[in-house]
Amino acid sequence: MIRVAIIGASGYTGAESIEFLLRHSEAQLTYLTALPEECGAVGDVFGRFKGRCNLQIEPLDFDKLSKLADVALCCLPHKVSMGFVPKLLDAGVKVIDFSADYRLKDVVVYENFYGVKHTDTANISRAVFGLPELFRERIVGADLVANPGCYPTGAVLAIAPLLKADLVETDSIIVNAVTGISGAGRNPSAKFHYPNMNENIFAYSIGTHRHMPEIEQIASDVAGKNVTVLFQPHAGPFDRGILSTVYCKPKGKVTDEQLLTLYKDFYAAEPFVQICSESPNAKDVAGTNYCHVFVACVKGLIVCFSAIDNLVKGASGQAIQNMNIIFALDETLGLK
Amino acid sequence: MIRVAIIGASGYTGAESIEFLLRHSEAQLTYLTALPEECGAVGDVFGRFKGRCNLQIEPLDFDKLSKLADVALCCLPHKVSMGFVPKLLDAGVKVIDFSADYRLKDVVVYENFYGVKHTDTANISRAVFGLPELFRERIVGADLVANPGCYPTGAVLAIAPLLKADLVETDSIIVNAVTGISGAGRNPSAKFHYPNMNENIFAYSIGTHRHMPEIEQIASDVAGKNVTVLFQPHAGPFDRGILSTVYCKPKGKVTDEQLLTLYKDFYAAEPFVQICSESPNAKDVAGTNYCHVFVACVKGLIVCFSAIDNLVKGASGQAIQNMNIIFALDETLGLK
Amino acid sequence: MIRVAIIGASGYTGAESIEFLLRHSEAQLTYLTALPEECGAVGDVFGRFKGRCNLQIEPLDFDKLSKLADVALCCLPHKVSMGFVPKLLDAGVKVIDFSADYRLKDVVVYENFYGVKHTDTANISRAVFGLPELFRERIVGADLVANPGCYPTGAVLAIAPLLKADLVETDSIIVNAVTGISGAGRNPSAKFHYPNMNENIFAYSIGTHRHMPEIEQIASDVAGKNVTVLFQPHAGPFDRGILSTVYCKPKGKVTDEQLLTLYKDFYAAEPFVQICSESPNAKDVAGTNYCHVFVACVKGLIVCFSAIDNLVKGASGQAIQNMNIIFALDETLGLK
Amino acid sequence: MIRVAIIGASGYTGAESIEFLLRHSEAQLTYLTALPEECGAVGDVFGRFKGRCNLQIEPLDFDKLSKLADVALCCLPHKVSMGFVPKLLDAGVKVIDFSADYRLKDVVVYENFYGVKHTDTANISRAVFGLPELFRERIVGADLVANPGCYPTGAVLAIAPLLKADLVETDSIIVNAVTGISGAGRNPSAKFHYPNMNENIFAYSIGTHRHMPEIEQIASDVAGKNVTVLFQPHAGPFDRGILSTVYCKPKGKVTDEQLLTLYKDFYAAEPFVQICSESPNAKDVAGTNYCHVFVACVKGLIVCFSAIDNLVKGASGQAIQNMNIIFALDETLGLK
């Protein structure tokens, strides 16, 4: 039985990780931590766990952690995480980090987009990027996994077969995506106050979203050459889900049937990626670790669609998938 | 042309008042005020007014007010309002006050439920309670109107015909109501953070809601004797509307037909109260000043249903209805 | 491994049953049936099961059923179910029936409320009412379980401790409840067309809802005497959940603390009932088999609140709980 | 006072037209028609009009129409409209047609996309395209106005300044849009059944949407040369609004400031188009005839955003704007 700690258990990704670990037959939650003001019985912090989980969320104690856990899901915010991860590793636990702090391999890009100096550059190269469908072999046995961002997960799964097959121009990809509001985290704000967000939809972070360089990095890794991406996110009035619509320019002639075959073959062995015969529905993947994908030729372009749950395949579910791989368990444990 | 100021124009009831006054043929917005940190062009404070209203929201200046306005809609919070109303009256403007500060005639009850000492008791008796369907004659020419609470408006309109006709026991009325979230105001909070409130419904203020004594006061006024009410509010995942379901014990035998006739007669001359032939829908009254009512005998009780828009008939629309009455205009101006 | 069939797998309760059975370690889905026009791969009928369940939904063949299943979850509509249940039993499978056809012990009441002649009266007395928290001992080893209605589950769990302790008058209980729209089933209709239902809330089935006699029957069973209930349902703009607010008249003096103790003791051994310290939230129980309960004294009455997920504790989850009990498994298997 | 008939008053655009005409000081609703099975008092057909409009919706009688109305808003579906419009014109009334039947100037394109033979080709050239911001001078005094589609209105207003100024390539424009569900009309369907659509978002009509050639036609008209557009619509969980995100390739270097100036100048005299300083919010234009626009340079492309209410600026509001222009009234009457 793998013993799992959650660092930063008081946020939405912490809660979602608890939810899935409660169903996991080979892993056991042993230690939950948060800032002192957010501690308490887990059933008090999140009403949905009343009677389902009797742990306390406590302030982090590294000694306790090192005794209680084999692996820590580190659900801390960007910039905060890099202050904790080295100590978590020192405590002898493996770390799956939900923040962006170890995702971007180029420190300069990180520092530009996140506006701070990186304080743990030593571990950046140690970290493997935890998108199993593309980099599974790197994850096996890893000490430190950088769990991907929600948008990059959806966007890159939508286009990876095209990039790998070198079918599209790599300088004109447009990712248009709409996320549910759980992606904005648990802190109240004017934008996401119910009467403001309900019945609303808007674009944000125009030209500046931090997931843009992350998408480019993974896409480039898959393509084996430099890929640039225009990424435009939107926020829509629903809890969970990211629907990505990706526009690519094909290098040559290609048919819908060829694309479908390419995608089915590419993901044939993947338990969590399903190729649809029409546009995916965000609701079909809500609460699951699945990514639904569709692709079609439209007016000279290739348009790719993907749907994921931002909190599951885009965060906690993917972290558990990574955990399963690290520990050589059946990758789908707790997630089917 | 009546010149109208809005004091506290940066909240939801301020915005809704602006919306309806823009459509009013005999009234003109002349002055909008708010706390300094909430000031600015009205189209910047509320995107919906871009190009529709070119006023600035400014810090309140009583001299300016006295020169610019005949009447002030005072959209300040409870407890704050009573610090401003005497000065607004001193500035020579009539006041329609949206807060609870002048609604409760019994200062002790006010001080118990609102937890502060009342600082302007002199004006409590001067204030008339602005529910036109029940107290129209008192409103004509008034200087200070206490605009009713949203819940009391819906609840009392649902049962007034029964109380007036002395058809029900006055010691066992239960008001069960569900409100949309605009009723919680514009300040973000954890409860009303979109991912918390969406897909949720809950009861609140159990046994303690401040509208309970207000409902009792108006109901008693209508009945001509002491009425006690158990009022239980709930918050539901929608923007606008209050659906009230009121359970009353009849004194004697009564039929659905008799009730229907009673209600149709009682409200025959009322432009804004409509008697339905089945349960009202909150959505049918959203954005309007209407109250839809239905009543039926069920298992020995009389059950009354009403639907209003909490921001319109429950606040800004009713205020404008009161304004029209004060100034002897057609009561429906700007509201049809 | 218990082999489970679902009869009527193409509706929402069918889908929800599949969802929970996929997570069940001691039960296995073996056979899914529906009307011919609703058959197909389960991942095509419900996109959420793509890649998660490879069964086909097929037209019902009783021979096949008798070979493939130990128990059938019968998710057919009222009135239809009683045409199938005798044959399912004849096929040698145990039946957990989701319809109302075997819930009401009094055939006359059934025929009045459902408007048809009951065609399988022989099995009514054979059926046990599947509300484990109240009738667990009757369920063990049963052949035919009448799975409770969603509203009765929420309403009766909210007041059972009061009835059992004989603390409240049994002729004046009012159940006011709001349900999410999944309760209306999968067939499109004008009322539940998205642009009509979104941002709406309304009461329905005023004085006539079919769950009223069911609530009365169970409440009377628990109380050991005749209980009458005024039940008023409402439909609100959310997917899942029933929030019940129940008003009862106490027989004598009682305090909040006494009530809390009574409830905590009554449900102390129950895994799926949690006593809250304030109003329950529908969202906290969404997707779970839990019932959250709160109780308080308000103005001379006792007000009880409960929240359940109508599709889980109100249908499919409770069915699996019953299945676990029938087969002497850990009652929480697949449901924690 | 202009006398207005609504043909097909029982749908959402009929209702929305009634709503705005009730507020119009120079126009008067005189005649409402629908299919016989959808007739009745307007307050019964749409609960929101109880007490606000006392007209009956009746089966269409052309004689009656010719006596009662100066102009007819023809809110019939595509393909149906062209069977009625010639007779409406024969009856001596001006027609503002909401369908696509007179929008596309190329009959072959119409017949391809709508799958029927056009039966009133004679009137196609007579019809003017009713997008006032671009073709105002053609609308003055017109007999037959083809009211634009909702998507084309939002999309073309977003890019018209670029096209007019010849700043972008005209063979690579991508319009990605999300609509609220009122756009799907009033007939219930599985896709838009509340529990299916709520919390969902999906793409549809991939490569085949009928508004694609309409967008291309108007864009070409504005640009003065052939423009091709990839248009991809999505449906999101809200009532009203279309958010369009348009990606264009600039011909040369351009700055955000230049774009902002271009847009402000282009729409300087337009009452209903507002240039925002960040992404527009669909909620800000809900219930209004406004179009909010924002534009920015992102990674070598120009990205344009627009928000409209699909039922207002995308249908009924624009129709009334057209009516005001036809009759030489202040264009904003009833719409401010």
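Letters A, B, C and D mark the chains in the order given here, with residues in each chain numbered from 1 onward.
Convention: contacts are C-beta pairs under 8 Å (C-beta built on N, C-alpha and C of every residue); 3 or more make two chains touch, one makes a residue touch a chain.
This one's a predicted model, so the numbers in the text were calculated from it and none came from an experiment.
Enquirer: If every chain is reduced to the average of its C-alpha atoms, which one ends up farthest from chain D?
Expert: Most remote chain from chain D, centroid-wise, comes out as C.
Enquirer: More C-beta contacts across A-C or across A-D?
Expert: A-D
Enquirer: Taking the mean of the CA coordinates per chain, how far is chain A from chain B in Å?
Expert: Each chain's C-alpha centroid was found; their separation is 46 Å.
Enquirer: Measure off the straight-line distance from the CA centroid of chain A to the CA centroid of chain C, and report it in whole Å.
Expert: 36
Enquirer: Could you grab the centroid distance between chain A and chain D? Build each centroid from C-alpha atoms only and quote it in angstrom.
Expert: Roughly 39 Å, centre to centre.
Enquirer: Hey, what residues on chain A touch two or more of the other chains?
Expert: 180, 198-199, 237-239, 280-281, 283, 286
Enquirer: Drawing the touching chains as a network, do you get a line, a ring, a star, a complete graph or other?
Expert: Graph shape, chains as nodes and touching pairs as edges: complete.
Enquirer: Can you check the complex and tell me which residues of chain A touch chain B?
Expert: 12, 180-182, 184, 186-190, 192-195, 197-199, 237-239
Enquirer: Provide the residue numbers of chain C that touch chain B in the complex, in ascending order.
Expert: 174, 176, 178, 180, 196, 198-204, 206-207, 228, 230, 232, 234, 236-241, 243, 245, 247, 278-283, 286, 296-301, 303, 305, 307
Enquirer: Give every residue of chain A touching chain C within the complex, in rising order.
Expert: Contact set of chain A toward chain C: 22-23, 25, 43, 46-48, 50-52, 199, 271-272, 274, 276, 280-281, 283-288, 290, 292, 336.
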